[in-house]
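The structures come next, written out as structure tokens.
Both complexes below contain chain A, partnered by chain B and then by chain C.
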Partner chain A sequence: MYLGIDVGSVSTKFALIDENKRLIFSLYIRTEGNPIQAMKRGLKMIREESSFPIRMKGVGTTGSARYLAGLLVEADIIKNEIISHAIGTLNFIPEVKTIIDIGGQDSKLIIIRDGIPIDFSMNTICAAGTGSFLDHQAQRLGVSIEEFGDYALRAKTKVNIAGRCTVFSESDMIHKQQLGFSKEDIIRGLCEAIVRNYLANLGKGKEILSPVVFQGGVASNRGVVEALERQLRTEVIVPEYHKVMGAIGVAILAMETTHKEKEFNFSVIDVDFRTRGFECDGCPNQCEVIEVLREDLVISRSGDRCRRWEVGSLEKTSAFVEIERG
Partner chain B sequence: MKCSLPHMGNYYLAFKSFFKTVEIDYSPAPPITKRTIELGAKYSPEFVCLPFKINLGNLIEALEEGVDLLFQSGSRGACRYGSYLDLQKRILEDIGFKDFRMIRLFDTTDIGESWSQLKSLNPKISFFELLKALRLTFAKINTIDKAEDLIRHTKPYVSKSSEVESLHQNFLQDIDRTDNFRELKRKTEKFKRSLKEARNLNIQPLKIGIVGELYVVMEPNSNLNLERQLGDMGVEVFRPLTLSHMLKDFLFLGLPRRYYLRLARPYLKFDGCAHSNISVAEAMLFAKHKLDGVIHIKPHACMPEVTAMSALCNVSKDYNIPVLFLSFDEHTSSVGLKTRLEAFVELLKRKKKCT
Partner chain C sequence: MRRRIGIPRGLLFYKYFILWREFLEGLGFEVLISPPTTKEILFEGVRNCVDEACFAVKVFCGHVAYLKDKVDYLFIPRYASIEKKGFLCAKFWGLPDIIRNTFPDAPVILSPNIDCNRQSLFKAYLFFALELKKPFFKILRSWQSAQNKQKEFELLMEEEKFNPLEAMGLTERNRISRRDSPSIRIALLSHPYNIYDSVASQDILKRLEDMGAEVSTVEMVSKNRLKKEFGDFRNIYWTYDRELAGAAQHLLKEGIDGIIFVVSFPCGPDSLIIDYLTRLISDRLPVLNLVIDEHQSEVGILTRLEAFIEIVRRRKK
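And now, the complex of A and B:
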């Protein structure tokens, strides 16, 4: 069995697959701003809920906290989310040509030809058109995020909402709301705006061919799915395991790299992991260095530009000793 | 009177020997750090590009060190860069710096003016001496560029890239210490040999070409050390755009530029100013030389390079070469950059394996 863990900004995903790349167990929980706690919580749930004995052959991590997660579970492979998503989707839908992924904090577009990812784009500066924004607006309108999509499907008229920027979008929404448009119409307008923004930002210069697969947390939102189909003028496939596709992908990658059998150590749940940040005062760059500690032992440092704080080679330097004392 | 000018890469070493030869007191601006960029961004207009902000930061820090004569490069007309000097001068005055002069360095549109300004700074200087100084400066610029190019083509072939970096640092110090042509040549040969010995040519690395806006391409502090990151991932980086390349263009009366413009004509009919057409032409050449991918970098909201981007999309399609677009400003996160670079490199590796 192989485990894939995808630690994203908003949610943490776990996927267990067997030798035949079949999904046995999956789990989707909220990260709540604390990736370490979220991982421990998830692992605990896997241990408790799985009625079968788990013999893990490999573990892979992905997502924006992949390095931290990889340290925690001593992963066999740490891969970026683009490749993981592509591998995961190709396993279920081998003929896919375009993957659209809208997650909590970022969105991606992956172009696949003949079963190989050949091009990708990621949203750059703006968070408009991601899950967090939808979450925020759902809260503001007093609609739970699960029902959000269904509201859009019930809309009767088309309301145009600016989707370029969350700030404009929000003020536009309030404006339309005050004019008397119904919640349903506004939500549909919002779904349209998000898709428009996505296609304008990420789809620029890219050839979007069908079959198109839509995944990530926002794919649960049927309003956005419909808006995508309308604007792309093609059918959009939402795979069954769309929420955990990245985790499945990295589990498959772990399978491709490791062949040694070992008992997965669930004891990491009880090990004390901490992170500690400090500002290096070696030069005016003032890099923010982040340390990961396992039971008071520093196992990793990152964030320094000059590599002065790399673990291992620099423990001996006087600067380090001084900081430890201070 | 003490002069200074903004940084770009390691070229301050060459300017140092120029000012030394023409006997003008020069002190390099403090190295670019987070503080430099923050200072620059604080006093810059909101939508101006990153090179402006970093340059301004450099100038402020130089003035803080007691410099009273500032040079700013930039010939008029390439892009808004041409007007930076005047705007930056006003901003510096508004901040409260007084009693400083700001001069356009090497104005290609008005060489006579540059000469008379130099004469006013050091009346004793003869035209012969100026030529001598320029020759040394060009030689140094050339050496600096050659060394960086060697580093780019050595790193993926060695097991420990940090050793190559320390060799490079030592060599830069050597360049700084030498003002003699023969010595410079000897040191370069030695450096070349030591790098060649370290290489293991059995490795077949990925080859990626970098094109884009000149400052962001040449100043590692503005692109979050893109080249070093790629080198550490075992990628051989190709980057034709250097200062010596641009100087050659000037010396050959813009003929190389015309060649590039013609090359890019199928995609860009008109000159998009600055380096836009050259970026496109270089990407085409990379594709013809069978490189695996191209990375296009630009400061956020750089007009000429935005023009180049849409043409590059077509180049990418026609030549079947993947292009990654990256845009930098002072908020760009290194984590996001790393994810994109990793994904791009991985993608190219998979693509290469399958063909």
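And now, the complex of A and C:
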């Protein structure tokens, strides 16, 4: 069996696959701002859920916290989310030509031709139109995020909402509410705005051919799916496992890299992991060095441009001795 | 006593430092350059500079802040154009004024007026030095040796493929490791002040080389070659952006696996030309656009570079 873990900004995803790349078990939980806790929680649930001993041949991590996650579970492969998503989707829909992924804080567009990812784009610094924005608006309107999409489907009139910027779009929504439009109409307007923004921002200059696959947390939102279909004038496929596609992808990548069988060490659940940071004063660069500790042992340091703090290499330097003493 | 003149390590420093240093030293100045950008320099630049300026100008301001109390003069030439019928971005025209207004307490700013639409490069530097009351023959000698040194510097980049800092002798030359059987060739197209400032660019160049890519830049294409490739691009108003387009054209013919454009937010000329080039090229090769500014996170750059390199590799296979 192979395990893929996708630790994102909003949610953490787990996928277990077998030798035939079949999904055996998957899990989607909220990261709640604490990726270490979320991973432990997820692993605990996997251990409790599975009545059989899990023989793991490989573990892969992806998502924005992929390096931290990789450290925790001693991953065999750590891969960026673009490739992981592409590999995951290709496994289920080999003929896919376009992958649209909208997650918690970023959105991606991956162009695939002949089964190979050939181009991609990601949203720039701004997170307008991603999952966490929808979350926030649902909360403001008093609608649960699960029902959000269905509201859009019940809309009767067309309302234009500015979608370029989260802040402007919120004030525009309030304005439209004050004009007396219903919640349903406004939510549909918002779904349209998100798609318009996505296509203008990420789709610029890209050839979006069908089959188009839509995945990530926001793909659960039927209002956004419908808006995509309307604006692209083509059918949009939302695969069954759209929420965990990145985790499945990196599990497959782990399978392609490793072959040694070992018992998965669930004991990491009970181990204390901590992160702490300090500013290096070795030179005017003032790098913010980030340390990850397992119990009281530093297992990784990153963020230093010159690599002087790299674990293993620095025990000799005097600066290290001072820090340890001090 | 020799008067000390400071050259900020930013913007056109990466193109003309050798010419400037040689000329100014020939005239009897002691030349001081600011150190490679540090976070402190970056913060000082962002803190002092007007918000509307591009990121590269903010970095430049940081270097001025570092130098201003350590020198008698600052050397900030006004570069309007370096060829007939070609222009540079307005920020280079106004740079001495921008700095004078940003730092009222700065020392005297010496700035020759470089505008090849009006007068030759030589005349510009000659008049500049005459105004400083330097003897004519001394100016002539300094100019000749400065021009020779500058040519040597450019040849080192074009023929030996050194990067500007290596060719200037400011960093160690590590060309050999670069030629260690590169598996992929990437064109990194941008203005030199964007990619050779390792702090401002988040080390894009080094990260690419660490990932096993052989990186080609505009500086590595000879000026004559660039001219031949202009073709449809010959009417691009900005000289440096025309050179970018020419380099893209030439490197495409030479055979590269992908192109990365790096833009300093919110660069005006690049926002037009890079977009235009992206549209021209993106159906032939993978193209990545990276924007650098003071808010960038390391993760954002790293994820994009990793994914891009992987896509290039998979496509090549």
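We take it that the second predicted complex is superposed on the first by the 326 of 326 C-alpha atoms of A that agree within 3 Å, B and C clash if a C-alpha of one lies under 4 Å from a C-alpha of the other, contacts with A are read in each partner's own complex, and residues count from 1 in each chain.
The definition used in the following text is that contacts are C-beta pairs under 8 Å (C-beta built on N, C-alpha and C of every residue); 3 or more make two chains touch, one makes a residue touch a chain.
Keep in mind that this is a model prediction, so the values were computed, not measured.
J.: After the match on chain A, would you call chain B and chain C a fit or a clash?
T.: clash
J.: Touching A:Val271, do we find chain B (first), chain C (second), both, or neither?
T.: neither
J.: By the touch definition at the top of the document, which applies to A:Ile82: first (chain B), second (chain C), both, or neither?
T.: Both partners, chain B and chain C.
J.: With both complexes superposed on chain A, which partner does A:Ile24 reach: first (chain B), second (chain C), both or neither?
T.: In the superposition, A:Ile24 touches no partner, neither chain B nor chain C.
J.: Which partner does A:Cys306 reach: the first (chain B), the second (chain C), both, or neither?
T.: neither
J.: Classify the contacts of A:Met122 with the two partner chains as first (chain B alone), second (chain C alone), both, or neither.
T.: In the superposed model, A:Met122 contacts both chain B and chain C.
J.: I'd like to check the shared interface: which positions of chain A are touched by both chain B and chain C across the two complexes?
T.: 64, 80-83, 116-120, 122, 124-125, 205, 207, 283-287, 305
J.: Taking the complex as given, what residues does chain A use to touch chain B?
T.: Residue positions touching the partner: 64, 79-83, 114, 116-122, 124-125, 204-205, 207, 283-287, 305, 307.
J.: For the complex, give me every residue of chain C touching chain A.
T.: Interface residues on the chain C side: 35, 38-41, 198-199, 203, 278-279, 282-283, 286-287, 291, 295-296, 298-300, 303-304, 306-308, 310-311, 314-315.
J.: Enumerate the contact residues on chain B facing chain A in the complex.
T.: Within the complex, chain B contacts chain A at residues 30, 33-36, 162, 225, 300, 309-310, 313-314, 316-317, 322, 325, 327, 331, 335-336, 339-340, 342-344, 346-347, 350-351, 354.
J.: Once bound in the complex, which stretches of chain A touch chain C?
T.: Touch list, chain A to chain C: 64, 80-83, 116-120, 122, 124-125, 205-207, 283-287, 303, 305.
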